[in-house]
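Order of writing sets the labels: A, B, C and D. Residues in every chain begin at 1.
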Amino acid sequence: MEIFRFICKRTLWSLVALVGLSIIIFTLSRVVPGDPARMALGPRATEEAVEALRIELKLDQPIIYQYFHWIASVLKGDFGLSLMTMRSVTDDIKIYLPATLELVIVAAIIQCVFGILLGVLATASQGSYMDYFLRIIAYIGVVTPSFVFAVLFMLLFGYKLPILPVLGRTSVGLGVQPITGMIVVDSILRCDFPVAVDAFVHLLLPATALAMNGMAQLARITRSSMIDNSERDYIVMETAQGLSKKEIFFKYLLRPSVIPAVSVLALQIGALFANAFLVESIFNWPGLSRYGVEAMLFKDLNAVSAVICIVGFVFIIANIFVDILVAIIDPRVRLKAGE
Amino acid sequence: MDIPILKLSMLKKYFPYKKGSFVKAVDGVSLEIFRGETLGLVGESGSGKSTVAYTIVGMYEPTKGQILYNDQDISSLYKFRSNEIKGKIRIVFQDPNSSLNPRRTIRQILFTPLKLHKNDRYKGFPASPEALLEEVGLSSIYAYRFSRSLSGGERQLVAIAHAIATNPDLVLLDEPTSALDVSIQAKVINRLMDLQNRYKLSYLFITHDLSLMRNVAHRVAIMYLGKICEIARTKEFFEKPLHPYTQMLLSSIPVVTDEEEQLKPKKITSRGEIPSPVNIPPGCSFHLRCPFATDQCKKLDPDMKELEAHHYVRCHLY
Amino acid sequence: MSSEVLLEVKDLNVYYRVYEGLMHVLDDVSFSLVEGERLGLVGETGCGKTTTFRALLRVLDSNASSKGDILYKGCNVNKMSQTELLNTRRTEMSMIFQDPTSSLNPVFTVGEQISSVIRANLQAKGINYSENDIKDIALKALSDVLLPDPERIFDSYPFQLSGGMRQRICIAMSVATERKLLLADEPGTSLDVTIQAQILGLLNNLVKTTGMSVILATHSLGVVRETTDRVCIMYGGEIVEIGPTRSLFANPSHPYTRALLACVPKLTGEGIAEGIPGEMVSYLNPPKGCRFQPRCSFCNEDCNRTKPKLTLYEDDHYVACHKADL
Amino acid sequence: MNDKRCDNFGSFSDKTRRAWYRLSKNKLSVVGFVGVVVIVLAAIFAPFIAPYPTHAGKVVDFLNANQPPSLAHLCGTDPMGRDVFSRIIFALRSTLLMGVVVLSISVPFGTTMGLIAGYFQGSLIDSLITRLTDIFLAVPPLILALSVAALLKPNLMNAMLAITITWWTWYARLAYGMAVTLNREYYVRSAQLLGASWMHIIFKEMLPNCLSPILTKMTLDMGIVIMTAAALSFVGLGEQPPTPALGTMISDGAKYMPTQWWLTVFPALAIMIIVLSFNLLGDGFRDLFSTEEKQ
């Protein structure tokens, strides 16, 4: 079908863009003053040790050679050695990625469900106090950076009203043998429900802090597109034909109106990953993003490049997912793409 | 007889479509337009009439065939034409909302052609935006307004002023009044006729409105699926329509007087829709809707025949 | 044909609250319609035809308000409760919108949309039905409007169909179940003449076979002349002339009607009239007297001051003009 | 013609007046406008407004350390004894500077790139520019900005550079989309057929029609750039201490939670108010332009 060719083509171009980005990051990282080997070993290491590491990291070779060497090993699944943890970056990512995925997925679900729900609610109560209240909430949600939400939530729920846990993925002492690395999923798979509940409760605050921005945005998009659409000819026609208000609102108005909200989801998932960089460090969440920030501050180039590649890759997958979702909702995209 | 201002010979324009197939928008059109003449090109939407105009001004490159302007071959995109030709053949578009830039004043809009074609005008030709406005019957106060504050008819008059600013020989009018009400249309048409008389302009008037052509055109051509089916002088055309499609069009026109009712062909009524130009039926492209179609029509595409002086028809019936 | 009055509109006024102030769009519009009659509503863009229709069904935009009596079978539409209104819309009146493209929901199949309408109608009549019944009715309606291959069209989305087909679907939706009154807003006028002729022919046949009444709004004088029994000429939100089609076309008496008729290009080729000077009235501050007066070549002091009432001109033919006798 | 009364209708000064009138009708955008003006003035005249102007620098006053909000210290003091309110006022400077510099480089550049690519749609230059923007959009902008800022030396200049590099692509996208639509407008075609140069078409015919959406996006973006800048300084990649930055203040204050809550809450509120003001103003612009379009 046309739509699959369209998605494949787009994915291919995104991969090309990702390679282009890796070149830029790589070049930038090598032309920046400062010797990565020296930084890794600290100022007290001997000149010989630094030189040995330089040779091991292929820093003595020309940049182009280094790049192709790097790309070749990345394709084999090897991102090289992390100068920060002195372990294989691939191993580090295996540990940290599931925690971030778990957080981002829960946040995405929260923002999607509540964002659209609030948008619908505001439209249904258009002009009433409820509407005004929801719009103010949405405004606050849009204008507050998620790390501010994180800090405020922590202050509010962690200390003033301690009803939800604020640090880590589980309570001390609880844990589960990893399968996927996502604790909630793992514990359910292993039928260890107390851990599942505990892990889920730990997820709530960071995920909500992360979701607030996107949720507010979705609510606003849904509301304005529903209000726009409600004056369209087809809605007036359906009213004139005597369809019930309920049917018009929930069937004929809702579906075309969520399309713009769904279309921005891919961007929003990207934003979730980006904001996770800050939120994870606040909630002490051992995820990829916290790892990324630490690597950046440490100038651990292998780790930084790996994190960017992984995020870029996840971003591509999110895009494919949203493209398919839009195609399901909107027949015009499904049946016409490529024309 | 003098040389036509514009001559199209076997003009074809195909657009590539999915997997090697083509949209045959214009499929072998030959026309001549003489100085001071209005040629009406009439057809339904999807007949390729606008594509003809767009190809003449060079928005599209002809797939085959020639466009001759004063015996000079100009069958190329506008980019490759001389500035003089660009000024001599102008076009007025259908949509009065989109033909004027909403963020520029009328003065700025009209000044662009004047600036770009300084040398093409003779003495006494309106050379300022204000003069051009008065030329089309608008007050020069309008120069400092934006198009948004003008009504549809006024916008179209400004578009016409824009087109004549370069002192053209030929103006292509692409449905210039189809978006307007009849009372406004009358004003615009009258202004166009005035300008034609004053500057000996030639018009290629593209429209779907046959009754308008009865009153405006010197000759009328009917187009169906990229081909011309009938072309004749206006009087003969309306008194003796020959092609079944012409008759179908005439019989479909809602009219307002009994005298007009007399002129409508009775024995044919409208049926079917114009097929997509991607898969044009074999043989005569009209045979699917034609009540007189025979086996021959399904197989063989008829040739253009001159049945009477200057009255050409493409149909197996004759 | 019975001559019972089906619809009577008395002094209908519609106002739109817009940014610049209050727009007085419909000004004391009154007309009536007997059962089985075909009435034409003619005027140029912006004269209030669509607004009239929307007011009749109470589907005006949220910034509009409507005053006056719309008596449908003796019940005032403007005073109906929500349920009564819903029932009227479901079983009595239906409207075909101007633009067939924008009046079909783009993300639902034709089948889903037409089924919803039929379902609502059957519910209102209290008839038991199964989903299969509904589909049968829908398919019949689609073939009634001469659409080829109704099964395929039932499962198609509007954007997959041509403009002519969409227009037919809109008609099918309105006539799928029995209605007494059809409000047709510019049916087919955005399409080519050959298709328009087919659509009008189709409407005429439907009216003949079902005995429905029709109000046909259009800007084309030719269309009303060929398809209606009586005509209202509208200008600037007012009815300026109303009468039997034949007598109105034979004897147009309002200056606006006359000017409009003169502007229509004729097949007989008698040239084009000069057009009507000036612009459509501004609804924000319409002229105090006759609304056509600023553009009228016959106007005098009287026209400036007082608004002409519709008065009998000849047999069943009314004109709102101080100078109609001239 | 009898239109003497509306001589001025649609002329430029009249348009501005009407626009202002309409904008002022929307109360929320007036709030936004006033907010923006107050913030800008406060940033410019920071040394005169801040009660303790010296506290923006390396000042230590342990006697007054960790005081809760009071009349003397509206937003309390930090562990070094510096007045938080004064520091917030001074932090406005780098925050606004950030937004202004980033946008005044990325908007003209991005818009021009987008318009050129859109006008020459389908040509080599189009694919080049489009692929280039794709590269920068391959990962979320904040992550790219973080990495670039981290690889360079952490300071305000480099943070600006990092955000600018990621930001222009949005305007390129926006302008590209508009140029592609405008290509189909008859007035653009008509200018081409007339023999106008591509410079004329892009800058005289197309650009004026892109200005309102771009202005709207700029106002809204001002808030987002400020949020991004705060995020950078939150992880220590922006303005370096002792010069105050809102993000740094929040991250430093977070260490003293929950007892010294004022260290985080007030800078956080400051960010919210700044972003909110620009958002309200931007929404006002958008409503203004969309009603203008409708008419």
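Operating definition for what follows: a contact is a pair of C-beta atoms (placed from the backbone, for glycine too) under 8 Å apart; a residue touches a chain by one contact, two chains touch by 3 or more.
Worth saying up front: this structure is predicted, and the values here are computed from it rather than measured.
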Comparing B-D with A-D, the one with more C-beta contacts is A-D
Any idea which chain sits dead centre by C-alpha averages?
-> D
Roughly how far is chain B from chain D, going centre to centre by Cα mean, in whole Å?
-> 50
Could you give the separation in Å between the centres of chain A and chain D, each centre being the mean of its C-alpha atoms?
-> 23
Distance-wise, how many Å sit between the C-alpha centres of chain C and chain D, to the nearest whole number?
-> 51
Seen from chain B, its contact residues with chain C in the complex are 44-45, 151, 181-187, 189-190, 208-212, 214-216, 234-235, 238, 248-257, 259-260, 263-264, 269-271, 273-274
Chain D residues touching chain B in their complex are 1, 3, 6-7, 9-11, 15, 185-187, 189-196, 200, 204-205, 208-209, 211, 295
For chain D, which residues count as touching chain A in their complex?
-> 131, 134-144, 146-148, 150-152, 223, 227, 230-231, 234-237, 247, 250, 254, 257-258, 261, 264-265, 268, 271-272, 275-276, 279
Across the complex, what residues on chain B touch chain D?
-> 57-59, 78, 83, 86-87, 90-91, 93-95, 98-105, 109, 112-113, 116-117, 138-139, 141, 144-146, 148-149, 162, 166
Residues of chain C defined as touching chain A within the complex | 54, 57, 59, 61-62, 86-91, 94-95, 97-99, 102-109, 113, 116-117, 120-121, 124, 157, 159-160, 170, 173-174
